[in-house]
Amino acid sequence: MITAGIDVGSKTVKVVILQDGKILARSLVLTGFEQGKAAEEAFALALKQAGLSAKDIQKVVATGAGRTSVSFATESVSDVAADARGAVFINPNARTVIDVGAEEGRGISTDTRGKVIDFAVNERCAAGAGTFTEAMSRAIEVKLEDMGELSLKSTQEIPLNAQCAVFAESEVVSLVHAKTSKEDIARAIHDGISNRIAAMARRVGVQNDIVLIGGVARNKGFVASLKRQLEADIKIPDEPEYVGALGAAVIAAS
Amino acid sequence: MTLDRAKEIVTNRHDYAREWKKKTGSKVMGYFCTYVPEEIVYAAGVLPIRVIGSHEAQSYTEPHIYTMFCPFSRDVLAQGLRGKYDYLDGIMIGHSCLHLRQAFGAWMTNVPASFSYYMYTPAKIQSPHAKEMMLAETTEFKKAVENWLGRPITDDALDKSIEVYNTNRRLLKQIYELRKADPPPLFGSEAIELVLSSQLSDKAEHNKLLESVLKELPQRRNGPQGGNIRLMIIGSEDDDTNFLRYVEGLGATIVADEHCTGSRYFWNETVPEKDRLRAIGNRYMNRPPCPTKDWESRRRFVHIMNMAKEYNIQGAILVQQKFCDPHEFDIPPLKALLEKNGIPSLFLEFDITVPIGQFRTRVEAFLEMLQLEVV
Amino acid sequence: MVTSIKKYQTRPLDSFKKAVELRKEYYQNVREAKQQGKLLITGGADSMVALPAGLGDYVFFEGEPYGATISMDPEFSGKCVEAAEAKNFARDMCAYMRNYWGSMFLNKYYFGGEFPKPDFVMQLGFCDTHAKWMQQVGEYMNAPYFGIDMPVGTPGRNVEAKVKYLTSQMNDAIEWMQKVTGRKYDDDKLREAVRNECKSSTLWSEIVCYNKAIPAPLEQRLIFTLFIICILRRYERKSVEFYETLRDEVKQRVADGIAAVATERCRLMDDSQPPWYFLQLYKYMEKYGVSVVGSHYSFFLGGSLEEMPDGSLGAPKTPDEMGMPMKTREDILRAYALWYIKKPIISQMFALPHFKSETMLRLVKEWKVNGVIFHLNRGCEGTAMGQMENRLALTKAGIPVMTYEGNMADRREFDEAQTLRRIDAFMESLGLSKLES
Amino acid sequence: MTTQVEYWRWTESRYTNPEVDWRKASTITAGIDVGSVSSKAAVMADNEILAYGLMRTGSNSPDSALNAINRAIEGTGLTMKDIKFIVGTGYGRINIPFAGKAITEIACHARGANYIWGPVVRTILDMGGQDCKAIHCDEKGKVTAFLMNDKCAAGTGRGMEVFADLLQVPITQVGEMSLQVDKEPPPVSSTCVVFAKSEGIGLLRQGWSKNMVLAAYCSAMAHRVVTLLERIGMEKEFVLTGGISKNIGVVSRLEKELGIQAVPLPKDQKFDPQLAGAIGGALFARDLLAKSRKAF
């Protein structure tokens, strides 16, 4: 059976095509203004990679914030359900799934079959998601991709109140002027956001294995901060941003 | 300076308690609210210490308390859950606010101690019957402590305990008295540290500390300046001395306070009477009240206004832990009352960590308001 | 996926209309108390509302239900909570209070006219809010205020002292009321009111016990409409009559196998006050075949349960049924004090979390509940206290639990979509899917 | 994103008062207001405003301050050396190396408003890039009380810029366009500055017109500041300062909700209310200089 999962995130659309438990193709495009179009585009891209056409796909399941805009989907599932299924599919021992995307952070506890037991989501506030780091990286004029590496070189801990991304930005600017090193500021930023994410994860109860997914999982500095906060090891899949789409494809196959 | 010793006790509070335990071989009891009859605990040879904030944002409390409860209660619980107080033999709380009671409940359930006690401290302290109720509760509490320790608490021990506690209160008040001068011989942040260190140490030792502070203060050279703005801080639990130092670094001196980590803690003494427990209980019913216990009439405000006058303050900073219901009730009418009496005030909401950057403009603008001349 | 399911018989409840009527009449009485020559007293829903009875006819205008009522009207409620904020009162304070205060500050009574001016204010305090809420009302309305302090503390400890503390305060209150109203106090009327209150409460307790039956004859939305009389008018004879009729009706429903939710296949319990402006929540869950059979809150705000000889929970006896003397004023006050000291809503919810956890576990078992939904209610620190510990205790016992954050009376803090999303996920984890309509 | 038109870009500007000859003045002072979004400098010759400059704030406060003051003195013949005392204000005030003293924007806005509108002003509402402040002052322009929005920067100027960019509406026209709606839409509930864009997109997807989206955002913002004003207590002699005071969409809704009109700019006044902080700073600079001279 060949299925597809489409995750329409606020920033990017991800598609995974799955055949009997094997990933045939993946694709990612920017969501932009028209979610439906972006979804079609991403789907076409994935099909091309897999050398398939749309009718070869038996079932398409959409997920993510924009899941309702995917007209060609057979079904849609919530992002927490897709995340949990995807994470357990990759790592059968996953019990706590933390998904940090551009505009939303989630903590999910799941059972052995990838069914959601409980979850917590950050309220519509940028202080607990990828956008926060993006805004801060702009403030200290460091490329987003470099933030992680930079923060790993930090030598001291500085408390930063990640209450509001906007106000945090001015705190960051004051740190810059106080001649605080960019390394330390980068770490403070990651500590600030991971504190909020850790709180969410603890809310649902942290159990091993902890699997971190979503685009922000690519940020090594954030991962290091989160590990410190949770005092636990965190597993990160190779392609962390595709886990939601993968979960949707898995659900489609079952 | 002995003042540094006070700061050290506050900073290394756990070391202090651990050493005390080793030195005396006795037990330590953590208490959650200043409405507990500490004298009884002390008379039993147990060291009562107050559990206060650590100002480290931690996510450990998430499964136990959710975000609508005050940061202080969460900070307290986080430390318990993390084992920072693993040396405590017992914990107790007096009936005050729901926030702290919830932290206590979670602590009791998740961090085993050999003794835990929730005492009802009456809220309608303005009723004469509250004293009777308090007596019944202190009597039960004394029995519980005796059972726990397997030995009685004698009248003699109670007398000594009351004496030590009263001395501590008297000495602190003497030091507070000196703050009426301009310039006062010590900073507000230091005064708060004196009170905090009292809550965290053996009062007999602390009395000696206070005596030397009283001796040293007149000779002090590096204290506050004259002509600084005289401020009073008022509100909920406030042990964030970093913030106070920051304010005092901007040309203001905090000369008075009304906090349970300040004057509310020690302001009145136990008036001895034959029934020791009654004497002890009455003291708590008569002390400057926490807002939760200040009804039907508002006696707390009378106390605050007297203090404001005696200490000749120019402005007040109203400090409140975020979500602190007890203080949320009092702050609007208090602010209005201060204003009516020509005392401008600044209201600030504290979190576990205080973002000084976020408060900077407010604090500076407030001080400018009190000081900056417009020609 | 669509599953077909067996359906129980169902039929409307006759008493429903009566409850609605009695509630409407109550709010009218509040507005017209003065014209009717009755005293108007305001205070909390948990106050000792029978106490003023000795003064003659009166209406006790309760703050919390009024706040809840306002909250169902988005426009008026919005104005009220903002009026409280304009006076610098924090947004995280009790949401009932902010609605009530706002209505007072705006001088607008929700049911028409000006905000009713009370002859005096009387409160029983055990939440941080109670006493201070009414302090503000007394000052703002320029009405005399008497607060009674409820000794919470560890249940079962120092009971005699607690009784004495309460009765002494009640005696003071009686003196005080006579002074501020200039009326003479009649103990017979007090006795009657206390009897009505205790009887209403035991009847309500009996009624909720019928909900142990499968299918449940009542569900939570219905319960909310029915329990309100036991809160607003519990000191009146009308309340007793209402609950007697209701009891008989519910008893008959159980005998006839009548369900509140025809498709009941899963029984849940919830916790804390609901978001009053979004009671559709229960309807939404019905689509999954869920019947919410009650809660610690909805059972105990009006009622009380205690252990029966067979070990199960059942309705307590009234002071008369227990054979307590009710002759003198002291007798009555003593019985009344004990009644309050025993109230689970006070002794369990407001003491320490584990007391409530223990009771919740019993409720889950005896009411055959499959899972529990916690409304983490930011509008009420009282019922919110210990919720997370309660949740942990239930989880430890293997009971499926879900939480959602909200606010019982301030809709700005409620996220409808997010909540439904959580419900869907919870239903999925319970193995439920939506039924055909 | 490619660099096309930047709709959020309000016009940077400068102004010289033709009636003032600085060469005749005995002292030249200045105020520099480095805000989160804009940097402003006002130069004063004795008791008259001589010139001002208004620029966008860059990522570096000292540079932004320098840009603003340079812009202000451009073409006047003045050099930095002629300026005897500078007061820095705004959120970047601590990082203005050539300022003799830093004073908060709260004190400066009150002082500046007093200068611009005269001694009648009692309440000042400063709506800027990332926060809003309600200020009370006396007849001398001295602050007697103030309140700031805190915790959340939702619904502030910067968010408005993001919306303008998204909808491709020049920021200067946002207000006008927001008024061209048949029916006032409900205000947007969460207006996180950071999410302004995705929120706007969401509304457009729901089929809202541009004007409607702007109206919803403007009215949310007006409502937020009304609450702030109510909390501090309104006096009817109120004025608006800060960049948002140029947004008619916010201002008219605000006035409607309050039921009173802001005091209009005096007829002979040419000063931009966005400059109030910088002007206040310059006035303080003048006083401080006089005082220090007296002291010697």
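A, B, C and D are the chain letters, set down in written order, and residue numbers restart from 1 in every chain.
We adopt the following convention: a contact is a pair of C-beta atoms (placed from the backbone, for glycine too) under 8 Å apart; a residue touches a chain by one contact, two chains touch by 3 or more.
Quick caveat: nothing in here was measured; it's all calculated off a predicted structure.
List every chain that touches both subunit A and subunit D.
B, C
Using the average of all C-alpha atoms in each chain as its centre, how far is it in Å between subunit B and subunit C?
That pair's centroid distance is 36 Å.
Suppose each chain is reduced to the average of its Cα coordinates; what separation in Å results between subunit C and subunit D?
From the centre of subunit C to the centre of subunit D is 51 Å.
Roughly how far is subunit A from subunit B, centre to centre by C-alpha average, rounded to an integer in Å?
Measuring from centre to centre gives 44 Å for this pair.
Which subunit C residues touch at least two other chains?
87-88, in rising order.
Residue numbers in subunit B touching 2 or more other chains?
Each of 63, 66, 358 in subunit B touches at least two other chains.
At least two other chains touched by the same residue of subunit A: list those residues.
Each of 163, 167, 170, 174, 205 in subunit A touches at least two other chains.
Pick one for the touching-chains graph, please: line, ring, star, complete, other.
The chain contacts form a complete graph, every chain touching every other.
Can you tell me which positions in subunit A touch subunit C when the two form their complex?
78, 80-81, 115-119, 121, 123, 205
Residues of subunit D touching subunit A in their complex?
Within the complex, subunit D contacts subunit A at residues 36, 59, 61, 91-92, 94-95, 130, 151-153, 156, 158, 190, 192-195, 198, 201, 204-205.
Along subunit B, where are the residues that touch subunit A in the complex?
Residues in contact with subunit A: 57, 59-60, 62-63, 66, 351, 353, 355, 357-358.
In the complex formed with subunit D, which residues of subunit C make contact?
82, 85-88, 412
Using the touch definition from the top, list the residues of subunit A that touch subunit B in their complex.
By the definition above, subunit A touches subunit B via 159, 161, 163, 167, 170-171, 174, 195, 198-203, 205, 229.
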